[in-house]
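Presented below is the structure to which this report refers.
In order of appearance the chains are A, B, C, D and E, and numbering begins at 1 in each one.
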Amino acid sequence: MSELSATHFLLLSAALFIIGMVGVLTRRNVLVIFMCIELMLNAVNVSLIGFAWELHQLTGQVFALFVIAIAAAEAVVGLGIVMALTRRADTVDIDELRQLRE
Amino acid sequence: MERLPILSLITYSPLVGAVVLFLWGNASTRAVRWIALIASGVSFALSVAMLLAFDPSQAGMQFTETFEWLPELGIAYRLGVDGISAPLVGLTTLLTLIAVIASWDPIRHRVREYYITLLLLATGMLGVFVSLDLFLFYVFWEIVLIPMALIIGVWGSANRVYAAVKFFLYTLAGSLLMLVGIVALYQEYFQQTGIRTLDVLELAQGNYSPTFQFWTFLAFFLAFAIKVPMWPFHTWLPDAHVEAPTAGSVILAGVLLKMGGYGFLRFNLPLFPEATQRWAPAIVVLSVIAILYGALMALVQRDFKKLVAYSSVSHMGFVTLGIFALNQQGLSGAMVVMLSHGFVTSALFLLVGVLYERAHTRELAAFGGLARNMPIFAAFFGFFALASLGLPGLSGFVGEFLALLGGFQSYRWAGVLGTAVVILAAWYMLRVYQRVALVRAPGEPPDPDDPELRMAITEGVPPVAGGGDADQHTPDPRTFPDVTWREALTLAPLALLTLWVGVYPLPVLDVIELSLRAILAAVTGERM
Amino acid sequence: MSLQVLIFSLLACVSILGALGVVIARNPVHSAIGLVLSFLNVAAIYLIARAEFLAVVQVIVYAGAVIVLVVFVTMLVHPDDLPEFHGRRPLRVATGLVLGVALLLEVAAAILTRSLYGAPGPWTDQTIAAVGGNTRALGQTLYSDYMLAIQLTALLLLAATIGAIVLARPEAVSERVAAARRTLTISLAHPRGLDQPELPPALPLPPDGQVKPAGGGRPIVLARSASEFTEQPAWGEWRTP
Amino acid sequence: MPLRLVAPEWSLLVPPLIVLGTIVLLLAIDAVSERAARQTALPLALVGQLLALASLATIDWGEGTTTFGVSYRADWFALVVSLIALVAGILSVLVSAGYTESGLEPGVGLAEYLALLLFSVLGTMVVGAAGDFIVLLLGLEMSAVAVYALTAFARRRLTSVEGALKYFLLGAFASAILIYGMAWVYGLTGSIVLSDIAHTLRTVVTPGQPLDPALLLALLLLAVGLGFKIAAVPFHMWTPDAYQGAPTPVSAYMSVVPKVAGFAAVARVLVQGLQPLSEQWAGLLGILALITMVYGNVVAIAQRDLKRMLGYSAIGHTGYMLAGLAAFTTGLAGDRSVGSVLFYLFAYAFMNIGAFGVIAWLQERGLGTTLDDVAGLAGRAPLAALTMAIFMLSLMGMPPLLGFYAKYYVILALIEAGQLWLAVAIVVMSAVSAFFYLRVVTQMYFQEPGGTWRPVRTPLLGLGLAVMAVATLALGLVSGPILELAQRWPAALT
Amino acid sequence: MERTVDWLVVIPLAPLLAAVINFLFGKWWIRHRAHWLAVPAVGLSFLTSIVAAWAVLGSDELLRQPLYTWIRAGEFHVPVELVADELTAVMLLVVTGVSFLVHVYSIGYMHHDPGYYRFFAWLPLFVFSMVMLVLASNFLVLFVFWEAVGLCSYLLIGFWFRRRSAAEAAKKAFVVNRIGDFGFALGIMLLFTSLGTLDYHAVFEAVPQLSSGTVTAIALLLFTGAIGKSAQLPLFVWLPDAMEGPTPVSALIHAATMVTAGIFMVARAHPIFLASPIALWVVAAIGALTAFVAATIATTQFDIKRVVAYSTVSQLGYMALALGVGAWIPAIFHLFTHAFFKALLFLGSGAVMHAMHDELDMRRMGGLKRWMPLTYWTFVIGAAANAGIVPLAGFWSKDEILVGAWVGGAPLLALVGLVAAFFTALYMFRAVFLTFHGQPRFDPHELHPHDPPATMAVPLVILAIGAALTGFLGVPPEAGWIHHALEPVFEGATHHEVTLGLTLGMAAASTLVALAGLWTAHAAYVRGTISPAAVAERLGPLYRLAANGWYFDFVYQRYVVRPLDAAATWLWRTVDVGIIDGAVNGSARIVALTAQLWRRLQTGLVANYALAIALGTVLLVGAYLAFGSTLFR
């Protein structure tokens, strides 16, 4: 572990990913959950960059680029939905959205 | 020689009728009935022609039709009849025709839909009996379920939904496992021979391992046992019968139950000879239980239809007993019982229907003394009651005796116990006959010359009311008119057939003999 | 431990702290700040891995555009009345943590025991430098091997945009309704079932005082004349002939 | 390395390009005149998809040609997926007809609706033809993002937005997991091209031996991400909510096309890319299949809302299809696994969109979506009831309806693969499913009608329902060619 | 030697046609002209029977007429074929002859009945069935008509179907007969299973091949049938109830047709019985017991027809006794003579009923001799014949039976027979005295008893002549006409040497016993020196035993019928509805409950949904890493 290796990237990535996941699991604010998902995607990118660096490839970087694009697209739609939601119900608490159940 | 595809014609002429009815949305009720009559009549006429042209000296399939359908999966459109299926085809078309006539007056709402359903049902049933491809068979087998459930559920009586759903789910559950069995069989045969086929006759040539046979037999058995129905899979039957309209009961008892027996003969025995022999004792036990149990149940029923339904359980026990006795007498007997049960029990249901039309109840307690104001009804009822209790000279006896003889030869105790049912059968059948047709209507005083009246006068013993304690609201049976000519028209052919098969069953026995012998040879491994 | 590792570790720690901040902070704006922090550190880490272009994109697109968007929306939706002030879900937090730790262990096990099967590519620092740097190399790769992906990304973003527009645009009455409203009386199918409790109090009533449609399969019912309308109850099922 | 701008093989791209063209046209017309868009959008979407469908015939799929490098594969599998997606798309447009005609969302444009729908179809087609992870992912996301928006389309209704939000949040969550899995695969194999991945893995994996944990992790992360897309238990929970919340035509659509995309992705990723790990994933899919079909079918029994019930039923059907994939054995010709799933999806498109279509048809007439609303339908609208009955029975797997054939092929595949237990599970669950499908039929036929009834004319929707009903009724009989087409997948995925 | 003829079929066909035509067209067209067809038909049948008997008896050849093959299933082959040998010929004469007289009698007796046509449909049908029964050439056809006879008895006993008692009696007759038929059917199956054929000739040839166990089983099973049909202990309970039918029917059942079938069958199957000493012993014992039990019961009855009915049971017991001891010819001889006097007694009591407006209770009769001399005298002849008074018919046949029993190795049974003979005379003359002697115990001003019209009287007279004279067909004992006639049939049967002394001794003994019975009856009911009431009092339980038919009905009702009903009800309510159907519905309910339980998992909370995904991921990854990876290896 003395030299920087992809393992470092991967561990960082795992940590970020799981923090994001825990956030998704525990938070109630839609927007925060949303941010946590962005965090997870970002974590994936860290992995990709780490792998790409290790493999001497650009593919990973390219992939990461597209992941960012995907994240952006999701952000757009997601925020649109949040807007629609706040217009209907004056809340961003997902725990209040329980009309559809069982 | 390019032959007429007569089996397809028989099978699909009801379907054509159904399609015509479906497309002709504003047909008058009268037209609807006539179209149904014509469609089923054509089917019947064709099947009679087919039976006349049938060559009983051949054991194999006749009037076969084949064309490729899904060749990659070995599925083809294969039709054909042999001595087992040909009489059942005839029975089916006849009972369909009778059902159409029997529904003429009683069905008053959604008439068009009713006849569409009935005709679809007919096509399904015929398809079951004529198809020689397992896939095709399964398709028809399941098709039958839907219209039957609809007939029970839409045109049935009070508790019809429960009965329809129960019927549907129960039989579906059974047949689904058969589907797995079918596919497994197909795969096994493919692995053995490299041929992909679902041709029953070809599959019967396969040589399957005992374990495989054991399980696959069971998968098929369950489907058929529920349909027959064998004890303890019978509880859907009384419910279904009680709730079904008359024609539904006729078809149900007359044809649907036969599909189970037919399935045993066509599939279980030839396909899995070793498993058949392994399972036979257990099935014989169930059959004997069914025979006695059904009779005991019939003994204590208060509902006329339930009684006949339970008697069906008993009678179908003869079928399975005969089949799994695995000898010629048993098999022939089983076939004859199937036909006979088709005539007799159908007729009994028709008779119940006659009463229901008049009284709107099936409680036995509501009836009594009908022989006076309904002599023709009483005569028919008596006739079929006797046929049902296995009176020699009527069709029931021939089959039952042969089946019991077969059972006796293979399993002595089974024959003894099974035969004991003749006592119970006489008991419950005569009991219900007395309750309905004889003595007096509920609450009716004894006749002047009746000793009972004298006892009432001289010794102060009050006369027992005729039919027992009846509901106050049911109409007085004394006011019931006798059977109409249309009702008689449905009963008379069945009576004639019952008599014919009872007195001179030889033509029937000859038709079925060779085919059964072939099956038997397949099971016992003997050469023909 | 080399300097590289040290820097990496430092950045990683800050990044993780930022991430933790996202998850822990009660105020979503604070969360957003934590997120930006994390992203910026990650961008720095990208630089270590010689992914300069990515680092820039990370800063511009992620930390810039996306987060700004998020914060914008956060501000838009009443940031002072946030649900998490009203209650906690300790059980949920505990489960989340347990699951997180478990997954972390699993992933760590995989990371530490992994082996490499793929063949390394040609893009060493030298080769990258030879073509003129990371951005150029990336650009060339992108436009030769990932042409389709780029086109698709465009489409994806287009689709997302359309979706967002549709969802977020103000609830203007349609031309048809507006026209109807000018000349006709509007009646509505009576809402029922799930829809009924949903009529949000915040929903502004249309200017002419009629009930607004609540959706849920209940079409607006137009009546051509007042007489036609008044004959019917509110849920009288009328449609223009 | 110089920049290589290679012109793609445009002829291979004709079908997706036609769809794209249609989208552009729709948006353009809408931009010019909303009014014109309302009148022309439906026919345009239909014609566009039909043209795309027809253009499928212009391509020689047998070659398995790739374009854009190896990113886009025009092989048999891509053909079948495109076919199903387009058919489902056409049917969904037909189902949408009544809904938008009725003016449920008078303020929202029909053109955008259809454009999003077509985007999703396009995404699904791309997934089917994807040659590498990036294209696959982009296709999936395109398909998903459009559907997120569509789900919330009835945004005046909170349930619609709620369903969309749940779908979106969980979808994004699952996407992250999926991408993480892809990253892992990339990191371990050094490639994102599916065929290369398979090639690399084949050299390092010995059958019957335990795997490198990292490889397993990658596999499982992929499985989870894809499992979400196809609504496999326990990743299914968005399904009932989203189905119930979404506008009915969208429910119809989302019950099929995203699922097609999901299964296409599963096939591309697992069957093609991770084929050397088939031992592991086939077992995994088998277990998931079992849990999924049991859960979906059992819980559907407890539902009274038809859309929700169909949501659970969709989970059950996912289970059947997963079972089909679990029947994967060799990937050589004669392996029916993927083919049976493709056929199932094809059949499923007709019957499930049809079922939702009938619900939409009922909503047009002022009824709700619960079981009580269909009570006595047979008396009121016999044809609609018959149509619904056909769909229900087909979903149940009654012969000779299309659903039966689908189920039959899956069972066949399973038994050929020796997975008897899954075959038995399927039939047992079919019996259980009869409970709730039959209840609909029972309600329609055996009960007296209630509720209000507004007679309206919805010719296009009626036409669509008729088409689907007839197809459900009769397509099975002539399913040979479709099945044959579906069975050519080994040439594409191996 | 056998001769194939084509006219034998006339014997059954004529009554069958009459029956069918009357049944189908009776109600609307024929109505009260029903006897126009039925009587000549049976007459024709009778005449043909005479021709057949003429051809058969003494000529050592049998007539055969194959009709058609009935059943063919594998090796099971049943032709319908008419065969007339000596035994059949005698039976034919009895059956058609007595039936003819009953038909004639019925014209008058049933004249006013609304079901006249029906009566004249069932009556010839009965004749047809019985004739076919005796003409059968194999066991299955025999069985068929055996059951058909049961059917006819059902139809005729329940003729007045509006009476509950009649309907019940008819049902009882059929069901009880069915119990016997159950055994009979099993016997036939066992026969076929053991021998592969049911043809009489082939079976009898093959009997020696059978093991003794099998043959005993077959014989006993066959005899079970006879127990039912010929009203032996313990299945005789249906016969007394069968009185509910019109009186001519009783005559027909008791004399000519139904009950003799069992005796005939055993005689027909005598090679089988001969092969099994145990079976023979059982037959004899049951016969003797039946004779005794029924006689005691008859002594205590007040219903005139019941007395006669029990007397039938008793006489059938004698016949069975005869069969059991190997006295085959005496059995048939007794059957023959019994047919006459029993028909006579029934028709006579019918005449009494007719005169007394359907009164049956002898306690309300008395002194009828005055108004009905013809009936009286014919009845007395019948009674005396039944009681075995020299030289009437019953004496000769019964005497031969007792002799047969004595020499056949069952002297004890012969003694039982003798005791029964005492009771026979007692109850017969009790009936005569109570009915015809003494003072009328009814109001002669209200009722005007009179002799019956000619159609009824003529048969009475003819039967009386028969009852008086037919005994001489068996004179001298062991060498009479009937013995010679039947000799060829029972060729194989063992012959016991009978000494003249024994014959005379037994004759004397039975005469004495009969006279003692007669004297007792006279003492009790005419002279009044014995008080029946006092005797009944003194005998107490014994009397009640006899008066209640030895409690057979009671036991059956209490320990068979009702428990069976209760068991069936229990099976229905508990097993069928409760357990079997409960399991079906229960499994459905379990699934539904599971559904309700599982749907709760779907909480509507996104957090929980995400949790499910994460949990699934963690668990799957954990499981696969633990068990499928190299991690722990």
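Everything below uses one rule, namely that a residue touches a chain if its C-beta (ideal position, glycine included) is under 8 Å from a C-beta of that chain, and two chains touch if they have at least 3 such contacts.
Since the structure is predicted, the reported quantities are computational estimates derived from the model, not experimental observations.
Once chain B is left out, the chains joined by touching do not break up and remain one piece. Ranked by the number of C-beta pairs in contact, the top chain pair here is A-C. Among the chains, the centre nearest to the mean of all shown protein C-alpha atoms is found for B.
When chain centres are set by their Cα atoms, the one at the greatest distance from chain C is E.
Distance from chain A peaks, on a Cα-centroid basis, for E.
With each centre defined as the average position of its C-alpha atoms, the distance from chain D to chain E rounds to 77 Å.
Between the CA-based centres of chain A and chain B the separation comes to 66 Å, rounded to the whole angstrom.
With centres defined as mean CA coordinates, chain D is found 44 Å away from chain B. Chain A and chain E have Cα centroids separated by 96 Å.
Residue positions of chain B touching 2 or more other chains: 169. Taken residue by residue, chain A touches two or more other chains at 10, 17, 20-21, 24-26, 28, 33-34, 50, 54-55, 57, 59, 62, 66, 70, 73-74, 77, 80-82, 84, 87-89, 94-95, 97, 99-102, whereas all remaining positions touch fewer. Shared interface positions of chain D, defined as residues touching 2 or more other chains, are 134, 138, 141, 145, 148-149, 152, 155-159, 165-166, 169, 173, 177, 184, 186-187, 190-191, 212-213, 216-217, 240-241, 302, 435. Looking at which chains touch one another, you get A-C, A-D, A-E, B-D, B-E, C-D, C-E, D-E. Residues of chain E that touch chain A in their complex: 599-600, 602-607, 610-611, 614. Within the complex formed with chain D, the residues of chain B that make contact are 69-73, 110, 113, 135, 138-143, 145-146, 149-150, 153-154, 160-161, 164-165, 168-169, 172-173, 176-177, 179-180, 183-184, 186-187. On the side of chain D, the complex with chain B involves touching residues 378-379, 382, 393, 398-400, 404, 408, 411-412, 415-416, 420, 423-424, 427-428, 430-431, 434-435, 438-439, 442, 445-447, 477, 479-480, 483-484, 487. Partner chain C is touched in their complex by these residues of chain A: 1-4, 7-12, 14-23, 25-29, 31-32, 34-36, 38-39, 42, 45-46, 49-50, 52-59, 61-62, 64-66, 68-77, 79-84, 86-93, 95-96, 99. The part of chain A that touches chain D in the complex is made up of residues 6, 10, 13, 17, 20-21, 24, 30, 33-34, 37, 40-41, 43-44, 47-48, 50-51, 54-55, 57, 59-60, 62-63, 66-67, 70, 73-74, 77-78, 80-82, 84-85, 87-89, 94, 97, 99-102.
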